[in-house]
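Data block below; observations after.
Chain IDs A, B, C and D follow the sequence of writing; residue 1 opens each chain.
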Amino acid sequence: MTENDMATSQPTTASRSGDRHRGGEAVLEVANLSVDLSLGSGRYPVIEEVSFTVRRGEILGVVGESGSGKSLTALSVMRMLPRAANVVSGTASYQGRDLLTMSDKDITALRGDRIGMIFQDPMAYLNPLMTVGQQIREVLELHGSSKKDAQRRSIELLELVGVRHPHKRVNDYPHQFSGGMRQRVIIAIAVANNPSLLIADEPTTALDTTVQAGILRLLAQLRDHLGAGLILITHDIGVVEQICDSVMVMYAGRVAEYGSVSEVLREPRHPYTRALMRATPRLDAPIHRRLPAIPGRPPDVTSKPSGCAFHPRCPLVMDQCKTEIPPLANRNADTRHLVACWASDKPLPQTVFSAPAQAKSRGHVDGPPVVLDIAQAHISYQGRSRLWKQGEINRVVRGVDLQIPAGRALGLVGESGCGKSTLARAIVGLVPVESGQITIGGKQWVGASKTERLALRRTVQMVFQDPYQSLNPRQTIGDIVAEPLIVHDIVERRLRGRRVSELADLVGLSRSLLDRFPYQLSGGQRQRVGIARALAMEPQLIVADEPVSALDVSVQAQIINLLADLRDELGLAYLMIAHDLSIVRNLCEDVAVMQDGRIVERGSSDDIFRSPTHPYTRTLLAASPGSPWAEQFGGVAS
Amino acid sequence: MSQYVVRRLLGAVVVLFVVSIVIFSLLHLAPGDPASVLAGPDATQSQVAAIRHGLGLDRPAVTQYFAWLGHLLTGDLGTSYTLQRPISELIGQRFGSTLQLTAAAAILMVVFGLIMGVILATTRLRVIRQIIDWLATVSLALPPFVSGVILIFLFAVLWKLLPSGGDASLVGDPAAALRKLILPSIAMALPGAPVIARLLAGEIRRSLDNEFVLTAQSKGAGRKRIVWRHVVPNSLGPALIEVGIRIGHLLGGAVVAEAIFARPGLGSLLIQSVETRDYLLAQVLLMLAITAAIVMQLVTELVIAAIDPRIRLGAKA
Amino acid sequence: GSSGNSGGSGPTGGASSVATASATGGGGNNGAILRAGIPNDFLPSALLRFNPAQRPLHRTVYDYLLDREQDGSYKASLAKSWEWSADKKTLVLTLQDGVTFHSGRKFGADDVVFTLKTAAAPKSGVQVATILKKATDVKASGANQVTVTFDQPFPAYLDALAMIPIVDSTTYADLASGKQLIGTGPFTWKSWTPGSKVMMGRNDSYWQEGKPYIGGIEFSILKQSQAMLAALQSGGIDLAVDMLARDAATMQKDSRFAVTTTPGVDVYVGCSTQLKPMDDPRVRQAVAYAIDRKRIASQVYSGFAEPSCVVWPSETPGVTQQMVNHYTYDIDKAKSLLTQAGVAGTEIELAPSPQDPGFAAAADIVQFGLEQAGLKIKRVSITAADWPKRNQSYDLPQLWISWIALTVSGPVATLMAANPLTAKANTSHMTAQGYTDKVAAELGAQSADESKSAIADLTNYMLDQAFHNTMVQAQAPRVGVKGLTGLATDATLSLVATDAKLSK
Amino acid sequence: MSTTATLPPVGPAQGEPSPDGRLLTRGLWGRYVQALRSARGAAGLGIVLVVVLIAVFAPTLLSYGAYEQGPDALTGPSAHHLLGTDEVGRDLLARLLAGTRVDLIITLIAVPTAAVAGTLLGLLGMLSRFVGALFQRIFDVLLGVPAVILGVAVAIAMAPGMKSVIIAIVLVTLPMFGRQAGTALAGQLPLDYVAAAEVLGFPRRRIMLRHVLPNIVDAIFVRIAFTMAQAITIEGGLSVIGLGIQSPQPSLGSMIKGGSAYLLTTPSYALAPVGVVILLVVGYTMVSDALNQAVLRK
């Protein structure tokens, strides 16, 4: 279903310049908010001295990697912190009244009436047993609407958030809605009573690029429509750039940098902000640029470094950083641009992050042999058959042609459910092709003998999306990497140990991790294990299904780089599935765009990103956050 | 929904058919037969043969099975070999007693189970939680034959407060019937209630940190409303399933309870019919017990489906 | 009396019909209803047979032609008198006149003929059919006279007559289902709730003038012994029939109750002489010595049993005290016999009959004794469903424990009908010439004296061969309230309430 | 290898909490130790062990055997017979201990059998979807049948005794393991590590036994503890309706059956085994609770 069904007015670029809102009166002023988290092992500060202001009609973007305290900040404003977390100090004054100290009765009265909240996962946050109508009406009736009004208003609201046929849909249950539509229902609930403050916690993270654009557009509109203040939590700088007026960058529970979008993103001062921005692949950046990844990963609540929490990863680190926590200070006389860094005025040393020499851009090289050749592949799933009737057939892949030459990477993009994973699974032989051929290194899965299958397996391997469930939790990392070697007797016994270590080095895993269990590793490390396991089979082609979408931005960059390097080292070919165009653009020479089961456009990334021809490709590009094509093809701010 | 119901019903029918075959062959393959039982130990072979012929037991098994099935389907349960009376009548006479017992037990079990469950989940008093928790653990150890003996010893032998067994008609002599129901129904309900309570409590606690609870909070709903409107409905599932299974099994459990509390119900009739190889009677009673269990499961499945639109309207996983 | 309407409307049927019973029954003099508890349900489908289920029925709703006394003499009942012809080949029975069935129909010779013929038919399963078949012809030689003819003289025929209740030929069809039980007896069949209750009303037009004295009987079927005990103690019943011995023992101490017993029945350890090592008489005698009869009598039957080595009741003419005590509990003798036979330590199977819970306990004691004597015992359990079949096909393990109730009706009935002892083939597979001859002698006995010596002869032979090792003569205790008098038990162990009086 | 230059520092060191907050020093089996160290677990295990030890070793201290008969029957507790004697003058204490042993043996044979067989049958879905589904359906049906009824069915098929009781227990409990394994399997199959194993070309049997099984083994152990308790109640139930252990062999159930007739005169006869049943069941239940808490709670 398309999300581009909002004919109503769009925010103008003018309304984006934060300055207008500097005038608007403050809806929410949070000062020195600190939250402790009591875990089994003790109490840890999880949010420290966070202060910010939201004005009428302003959108404040809150960015930061997972675990940086974004959600808890929001929840403490709503007085909805989990049992484990308690506010230790600070105020959050809403129109002069402190939300943190007011009586339960008062805060309950405000919730859903003056302050609305929008949550991340659209399914989980709706009560599966109540119709959306009931759930919208509940919030209305709780705050004094009559049943009749509530009924009428609920339909209005569905219409407002862009649900088609609201009269019918109002009596449907959540599971009958698509992800995007559910998110719209949640928004409808949040804005039902025209709140003056809206808090949205990653409202689009779980959604498709195109859907995401629609939701963001909707939020921008509502902001104008209600003139409410909006806190938009995200980990995607692109989103911030797109619709926020001001931005607060959080790291390890502290505000790293805070100011208007224009300033902060134009000239970021905090090394973390700068690193983050560079590490994020961008559609407008030079193509095939090697990503300047941030080394390491964000600290855990229970083990925050002393001084500036970022110092272990900081290129500008000074002794002072290790001991003293930098205050959040204004770095700019006339505008309000706050940074918490001792070295914020130093320039970043280019060397650290910039691309190493061998990161060459690849043009079309003629005549490398084709590893993967897909011809007119059709794949379909059959629903469960019953005694009396056949299960209905769901044609997922409908006639796909694709070739991947050795040593080259093909990016496969397309909206959720269009069949990307299915195709990938067919390539590695997990699902059978209905008709057409999938030829890998000259061999096919259909009718392959035992030895041929093994040969195939050793030609193509797969890297999975979710690093948390793609490793057997009951095996040590060493076993996981070694198992293929053992089962297929790839290297003789006495050399196996060495081979495993080599593989570890290859993917940049410290050997000391080999005797750990998966749950003891971070997401990035697990993804490296997954890659090492695949490499153990010494394949020529690796199918990677959204290999980084579950990772934090900084870690994401590390993995992308790793993949790029491996290609250069081992001459691997990739089929890289991603919903984030910028990643594809960064890694892959070729791009194929998929729309319900068909390849609608394909070619070298240079061409496609420069001049997309197929309308769907254009929508996709336009929808991608921070895409320069936004205006051109009717993205968010057009 | 209707399609869902139809599917479930068909399934149940198939199962019952298979079960009927199993029961039939089980009884007919096992040693001993009603003819020789009827004839008595001292009878001669010819006498037995004559009786067997009289009962039509010399026909091939398949014929007998389909004859039986045919009669079942036409609602004719047949006549007991040894008691020489219509089985429907025999069951009719005993059913009252067993129904009293199972119904009373079921009510006790469900009511206490659910109440304890909600208390367990919502109370802030650690003491109460622990007490109920302990009750649960201990009464798990009290299957009817254990609690029965204890109850009889205490209330009938030691304190002489309640009759040790027997039954009476609720219509004819309500007072006596109730007095005689107390001990056995408690004994039968005892193991079930705490299990249900725990399941419900656990589920409620889990639902309490479900995301949609946050949504409800963010709407400005109070704790009471959240618990009753959002959490409890979402928590009933597992408890209901357990209730269904246990009620379904009560009829079977009655066999033991009736043995201990000397109640002439279907249970004792079943044992008797099995011991005398009264094929038809035993078959019908076994079918009855199993059908009851299956039907109860079906009912609960449907109740849950009625509560949960995802099942009712067939959600895509 | 009102003819039996099958009042089977649930448990209520019993309770509500108490009132009606006393009302109609009360028509006569004092209408006290005797409330009796019995362990087994009624089994009308087997009415003509001799089995425990019939005990409350044969002498209440029905009458026999004759009654047999323990000493073997006969007493008139429906048959006023009986005459043997000179050649002892013809028997003429003269019936009471003025006897009517509960249906009001007049009782006559045809009913007797019908009953005897039905009982003799193969399908009937009646044990004594073998005796009845000895008669070549049974016919009505007058409205109240029946003539039976034989080709061999067979005086013991009377034993069978003292076991068969005379039924109403016209309603026999409804008997099996329990719908209508029509007899001439002192009580009328009113209603039956299988497994629960039976109501009997007073037969106001009973042929014995003025009897019965009580207004009716309400039988409650109490399978569980505790239930029966509780009912009696709580005053729920006035009489507990065939009460569990151990319960009766406890009741003896209670002054409110009086305990009577039935004549004893033979409880024995059977040996299958065809299976090794039971083919060796010494082994069988060893078994006989290894049985602790006293302990069985006191522990299993709580005193309601006489230790005895003889299958017949000790009053039976020809049986001496010395025979009764032939074998005493003597492990050493048993040991030496086994070692002589060279079978010490061999494994032997022992199966208690499931018919009575007491047998398992008795088996425990026997097993203990045998193991003391140096045999290995393997307990095999034969289900209640399987037991009859194994008996009928003479297929029992080396040792088993069971009973012969038929012995109370005299040796002839027993020897002709009881599978364990029948001469041609029996469960012990004891078909030695010696045995068959001695049995034949008893069956052919023409006079009391002949019979007496034949029994003595047979019994000694059996004691010597030890294939049927009687352990005790077990009695069934009956516990009634003190106010209950005149209750009797006949030679078929049936309950006789004709002269019973109940003062509450 | 030039790539390693820009690689991140290695992950957390031993003892330091990992991303999801669990301590690294805790191995996979450590959770069982921890479970049995917990108050509940320790108590439960203690109870069971004490009962077992007494049942196994105490008889050597007794002056009477479980089958040894004497002249005085149904004497109440006395100096010679601490619990009194039964109807044929056997020492009740000796029989109680022997009966407990019988129950322990029965459960120790039946439950593991059911656990192994059930689990393997439940995992069949890994090898053949159809067969797996078929078995799951069968398990559902068996679970629908009340335990007693299954017991009766077994009693019809064969003479009652230790064998029939064991079979009955297996019949009742096997489907639970089977269903559990089936559901667990269904939960594991969609996980990518299974897909990964297939992509790596591991044989399905290896995937089933080396990868899936270890991941569902926790649930099985918890259920085993729980099933032990259940098995004891099944034996009791069957023996009480006379379809269980047969005389002269003692068992907790058959002693309760025998003794319930003498509640008036010799209460110890029935109440002693009742006590043991309660101890054992409570003990096992507590252990399974503890395991449940520590091992399954994610």
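We take it that contacts are C-beta pairs under 8 Å (C-beta built on N, C-alpha and C of every residue); 3 or more make two chains touch, one makes a residue touch a chain.
Not measured: the values here are computed from a predicted model.
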Between B-D and A-B, the pair with more C-beta contacts: B-D
Between chain B and chain A, distance of the C-alpha-averaged centres to the nearest whole Å: 52
Whole-Å separation of chain centres (CA-atom averages), chain B against chain D: 24
Separation of chain A from chain D, taking each centre as the mean of its C-alpha atoms, in whole Å: 47
Set of chain C residues in contact with two or more other chains: 226, 383, 386
Residues within chain B bordering two or more other chains: 30, 259, 274
Pairwise chain contacts, counting only pairs that touch as defined: A-B, A-D, B-C, B-D, C-D
Touching residues on chain B, where the partner in the complex is chain D: 15, 18-19, 23, 26-27, 29-30, 137-138, 140-146, 149-150, 152-153, 157, 245, 248-249, 251-253, 255-256, 259-260, 270-271, 274, 282, 286, 289-290, 293-294, 297
Touch list for chain B against partner chain A, complex: 7, 10, 209-212, 214-222, 225, 229-230, 233-234, 307-310, 313, 315-316
Residues of chain D defined as touching chain C within the complex: 67-69, 71, 73-74, 87-89, 155, 159-161, 246-249, 260-265
Of all residues in chain A, those that touch chain D in their complex: 39, 41, 293, 295-297, 300, 302-303, 312, 356, 358, 425, 428-430, 453-454, 457, 461-462, 464-466, 469-475, 483-484, 487-488, 505-506, 508-510, 512-513, 516-517, 519-525, 530, 533, 537, 555, 558, 561-562, 565-566, 569
Chain D to chain A touching residues, read off their complex: 1-13, 16-22, 24, 28, 191-193, 195-203, 206, 211, 214-215
